[in-house]
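What follows is a group of structures, each given as structure tokens.
First chain A sits with chain B, and in the next complex the same chain sits with chain C.
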Partner chain A sequence: MLWQNIPILLVLLPLGLSSLTAVLKPKASRALMLGVNTVCLCLSAIMLCEVIINGEAFTVKMGEVGAPFGNELFVSHTEAFVAVGFDLIMLLSLTASGRKVKQDVAPNRTSLFYTVCSLMLAALNAITLTNDIFSGYVFLEISTIAAAALIFVSNARGTLMASMRYMIMNLLGSGMFLFGLAILYSLTGELLFPSMKDKLALVEAEGKYSGALFMGLTLITVGLSMKSALFPFHTWLPNAYSLSTPASSSILSSLVSKAYIFLYIKIISKSVGLDVFMQSGTANVLLAYSALAIVIGSIDAIQQHNVRRMISYSSVAQIGYIFLAISFGTDRAMGAAIFQIFAHSAAKAMLFPAVDRLVEVSGGNENFRDLRGSGYRAPLAGIAFTVGAFSIVGIPLLGGFSAKVYIASAASGIRQYVALLALAVSTVLNVIYFMRTFVTIYRKSDRQSNELSFRFLPGFSVAITAFILLNLCLGLGAGRVMKVISDGISLW
Partner chain B sequence: MRSIIKKIKGFIDNGVDPLGDEMLSDLEYTKVTENEVEIAPKLRREPERIKNRKLANALYTVSAIALCFAMIVILTWNVNGLPFFGGADTLVDSEVGRFYIENGLKDTGATNIITPIILSYRGFDTLGESHVLFIAMCAVLILLRSAPVNPENHLQAYDAAMESDEPWEDDILKAFGRVLMVLIFVFGLYIILNGNTSPGGGFSGGAVLGAGFILYLNVFGHSAAVKFLNFKTMQSVTAAALVSYSIFKGYHFITGFNEIESIFGNGTPGTIFSGGMMLYLNIFVGAVVSMTMYSLFVMFRKGDF
Partner chain C sequence: MKDMLNTLLIEHMHETAAIVLFCIGFTTLLLNRNLIKKIIGFSMMDNAIYLFLASYGYIDGKLSPIYVSGNTDPSLYINPLPAGLVLTGIVVSVSVTAIMLALTVRLYRRYHTINIDEISEIVRREGK
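After this line comes the complex of A and B, so read on.
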């Protein structure tokens, strides 16, 4: 069927046109990138509808010869949904902060910025759709370098150091992932997820190579958690997110690290198998570190004086939630993790441009005391911040609440009381740091005038409104979204 | 109780930390390493903190080295636990490898089996790999193309760098360069064009071509090299090669997936025009690799084209 060619286009369009954006003038290159992104979004939405209507997953062989000899893409409800989500958030992030890109990025780098975004989009789609662990690694490399470029593309001071740290931690992570992949390959001789799963079940049953299997799984886990900033490896995150231009911060926090986590979810449930994953004991380590991440990330966020750093540290805690759900090792928990990925992405990708606008109307100072009353000076940004913060804290009707409910119900399903405790403690901590900011931005300041600013920023307003709606949709339609995700997972 | 309320109030008002902990944040730490002059007054004020920092750094170094050694030991020990490579009792089934060897020539018409594996069977991965090169080039361009902060100073510094970096007028070097250049370019093209019939292909041939360009730049100087390979040419060649590469691969994926007969026949194995679209793909990959190598060299040499 014709629509089944969509997965190929989703990767090839942004990949092929990325090199064109590099030679175009900044404006044309921005238009091309946004156009490609919109086309990808429409295509992936069509794909999602078709998959839901047909109710079955399909594979796309890349070339005449199918897997295991060639490469293969696999699309179920989950992959289609994740692709729609990534494309949508990419488009909205770029629209919301497009004005800021002009200010922060030197004119002779602007085209290259959009090239990098385009390549990033291709890499995200490829990581989402691939059914082959090595293709996953190849596109992971692209997204790693693209993410580093997104950090140092702005002229702000400190970005070079931040991207240096990012690069060191992430290359170490990539290396470990590659080692782990090589070990699994040498045990099974397969790169395709389903074939690898069958062979690994044999290896596990035989028991002769269980040490090597454990090592491979551990290396993949450590590598990908380094790349997605799980607690002990999160040190690269605050500077990278808070110093780069808001568009980069949105993309980095809500797409790049999330794509790595989605790849990890796919690897453990499609290629390693949840049984093997639970038996190896990796899950317990992951549980401990993600519980620590939730608490320590929140405490770090409370200690910040700078609002963007506070939001960055809150990402550490939120990533902890996702890994917490993964460590339960059930299909239901995987669904909850994927839901949390999107609840957090939708909120975080909105918070960065909103906070940037609040800072902008407060004289460009990112400290809390200067933000007083900024919610009145930039009303839409204030509302966006409120919605985003409420979603992350877990106020009902918003995505974050439903995500926490799903994680908690997955935890109580397998009697994981430590996880429930971590969830409860961190909710209180989240309230402390977000309510403090909320109170600050809506507190009348005596030093500055509190007059409303009616400066209309078209891109920003449209994108932020869409983000707010997205958060509401994730909250109100949580049941439906969760059904799509779990339908897809049952087809894996 | 009152003081606690006061503290919390202050915390909400000003964002002051209620615990009163004055830890140096990561941001400030970055400043230390970036620009030591700026932190200097702070150093004088707080020598004790710096002392603690030194101790912490020493501890950090020692533990990092210990950790690395531990990793080396664990990974080496782990190699012992892996199945013996090529052993008969291992689970690794060489089904895939056997398929490539048995059907590679018949399917693709290329006598060098590695080339169809890279460009046809696992062509998706290679498409990604070529874009890894491209994004590395973009990242280096973003990083090193200095932002025009002060155009005048920038240009002056650039001109000064240009002059001092030009090679000496050395006749022997140039004479040898001329001979060598021809050989290198011909060899590079040979490797690219014969990728489907003999060892070689786009990646290796492109590397040879790129080395040739770099040699040319070093022998005849920047001004001569810019005449035929400036920034625009470099970018256009790369973009054209990558776009065509993606189009060809897209055609390949879509015809393959929809079981449509491809217009690229297999040809007579052993001739240049065999192996379907592999010849063209090799040319594109070669162009991308050579341009990436050359531009990385130029960027690291001067910071700009």
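After this line comes the complex of A and C, so read on.
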């Protein structure tokens, strides 16, 4: 079938055209990147529809070579849905903050910014679709390099250092991931997820190499949690997210770290197996750290005086929710984790441009007291902030609420009361820091609207409206979305 | 004790060396304050993993997977895949090293030091 070639195009199209964006003029380069992104979005939407209609997953063998030498892409409902989500959020983030890219990035580097975005898109699609752990590693590194470039491309003070710290922590994580991968490979001789799972089940049954298996799994877990900023490895995150240009912040917070987590979910479900994962005890460690991440991330967010740093710290807590769901080790919990990935991505990718606009109409200061009344000066940004904050806090009708319900029901299904407690405590903490900001931006102030507030920004308005609708859809259509995700997981 | 040392240092010499090198590289990348030394640590860490992979990929007494002598029996050759993985890995780590060095050059031009603590201090002072 012709549409079964779509997965290859989703990777090769942005990867191939990224070199072209580098040599074009900034405007043409931006148009090309957005065009490629739109094409990828349409293609992945077609792929999702076909997979749902046919009701079965399919595999693309690269170069028609099978296991153990070949390389595969695998598409089930879940992968197709994740690809649609990533492409859509990438497109909306770039549209919403495109104007700021012109201000924050030097003109001679603007084309390179879009080159990096294009590479990032290719890496995200490849991580989502790959069925091979080593290709996963290669694209992980491509996305790390692209992410570092997304941080230091902005002229703002401190971005170079933030980028360096990001690289150091991520390279430590990649090194551990690669070592874990090498250990699993030396145990099984397989790189494809399904064949690795079969061999690992034999290794586990024999019991002779369970120490090595545990070592490999631990290294992969720690490596990927370092890369996706799970507490206590989150120290690089606040500067990286809050100093870079808003488009970069959106992409980094809602896509890059989420792609790593999705790869981790795939590894433990498809290649290690949830039974082995639970027996190894890794889940307990993840549970402890994610519960701490949820509480400490929220407390850190409360202490911030800078609104962008507050949102960055709230990401630490939200990543904690995802790992919390993963630590339950059931298929249902994996579905909840993937839903939370989307609920958080849709809200966070909207919050960064919205807050940036609120800051812009308040004289460029990111402190809370300067933001007073900014919700009246930039109404759309105010609404977007409200919707995003409500979604993260977990107000019904929005994506974040459904995600929390799914995580809580997965937790009560296996009687995980510590997790329920952490969820409850953090909801209260979330309310504290988001309500404070909400009240601030809607408090009357004597600051006059400047000419910036009346300017109509087409890209920003369209993208933010789409983001608001996306959050509502995730909340109102949560049942359907969850069905697609769990149908896909049952095919793994 | 003697048995353990025997196993570690003689039978599994390559793996032990790889793990020791990995740990040295890892701690250097994490703890050293000098950016260039950090990059050296990173290279050491990645190369240790390649040593590990390559040593598992080699089997004593078998030929390298290059077809020259007219022998088509696959059991005579070693698996070419680990070597392929190492090669890909080296390409990845070279590009990462390049971008780290480029970042270090830019940091040095702006802050005139490659000590990460001093740079953080300058950034913090600039912020006030």
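By our rule, the second predicted complex is superposed on the first by the 483 of 492 C-alpha atoms of A that agree within 3 Å, B and C clash if a C-alpha of one lies under 4 Å from a C-alpha of the other, contacts with A are read in each partner's own complex, and residues count from 1 in each chain.
Everything that follows uses one rule, which is that a residue touches a chain if its C-beta (ideal position, glycine included) is under 8 Å from a C-beta of that chain, and two chains touch if they have at least 3 such contacts.
Everything numeric in this text was worked out from a predicted model, so none of it was measured.
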Inquiry  = Under the stated touch criterion, which partner chain does A:I151 make contact with: chain B (first), chain C (second), both, or neither?
reply    = neither
Query = After lining up the shared chain so the two structures overlap, which partner does A:S186 touch, if you call chain B first and chain C second: first, second, both or neither?
reply = both
Task = Give one of first, second, both or neither to describe whether A:G175 is in contact with chain B, with chain C, with both, or with none.
result = second
Query = First (chain B), second (chain C), both or neither: which does A:I392 touch?
reply = neither
Query = When the two structures are overlaid on chain A, which partner does A:I127 contact: first (chain B), second (chain C), both, or neither?
reply = neither
Message = With both complexes overlaid on chain A, does A:I268 touch chain B (first), chain C (second), both or neither?
response = neither
Query = With the two structures laid over each other on chain A, which partner does A:A212 touch: chain B (first), chain C (second), both, or neither?
reply = first
Request  = Report, in rising order, the residues of chain A that make contact with chain B in one complex and with chain C in the other.
outcome  = 68-69, 134, 138, 141, 145, 148-149, 152, 157-158, 160-161, 179, 186, 189
Query = Which residues, counting only chain A, touch chain C once they are in their complex?
reply = 68-69, 134, 137-138, 141, 144-145, 148-149, 152, 157-158, 160-161, 163-164, 167-168, 171-172, 175-176, 178-179, 182, 185-186, 189, 191
Query = Of all residues in chain B, which touch chain A in the complex?
reply = 11-17, 19, 21, 23, 25-27, 30-31, 33-34, 74-75, 78, 81-83, 85, 91-96, 99-100, 107, 120-125, 127-129, 131-132, 134-136, 138-139, 141-143, 145, 147-148, 235-236, 238-239, 242-243, 245-247, 249-250, 252-258, 262
Chain B partner contacts - residues on chain A that touch it in the complex = 4-5, 8-9, 12, 15-20, 22-23, 60-65, 68-71, 106-109, 112-113, 115-116, 119, 122, 126, 132, 134-135, 138-139, 141-142, 145-146, 148-149, 152-153, 155, 157-158, 160-162, 179, 183, 186-189, 199, 202-203, 206, 209, 211-212, 215, 235, 238-239, 242-243, 303-306, 309, 367-369, 436, 439-440, 443
Inquiry  = Applying the document's contact rule, which stretches of chain C touch chain A when the two form their complex?
reply    = 22, 25-26, 29-30, 35, 38, 42, 45-46, 49, 52-53, 56, 79, 81-82, 85, 88-89, 92, 95-96, 99-100, 103-104, 106-107, 110, 116, 119-120, 123, 126-127
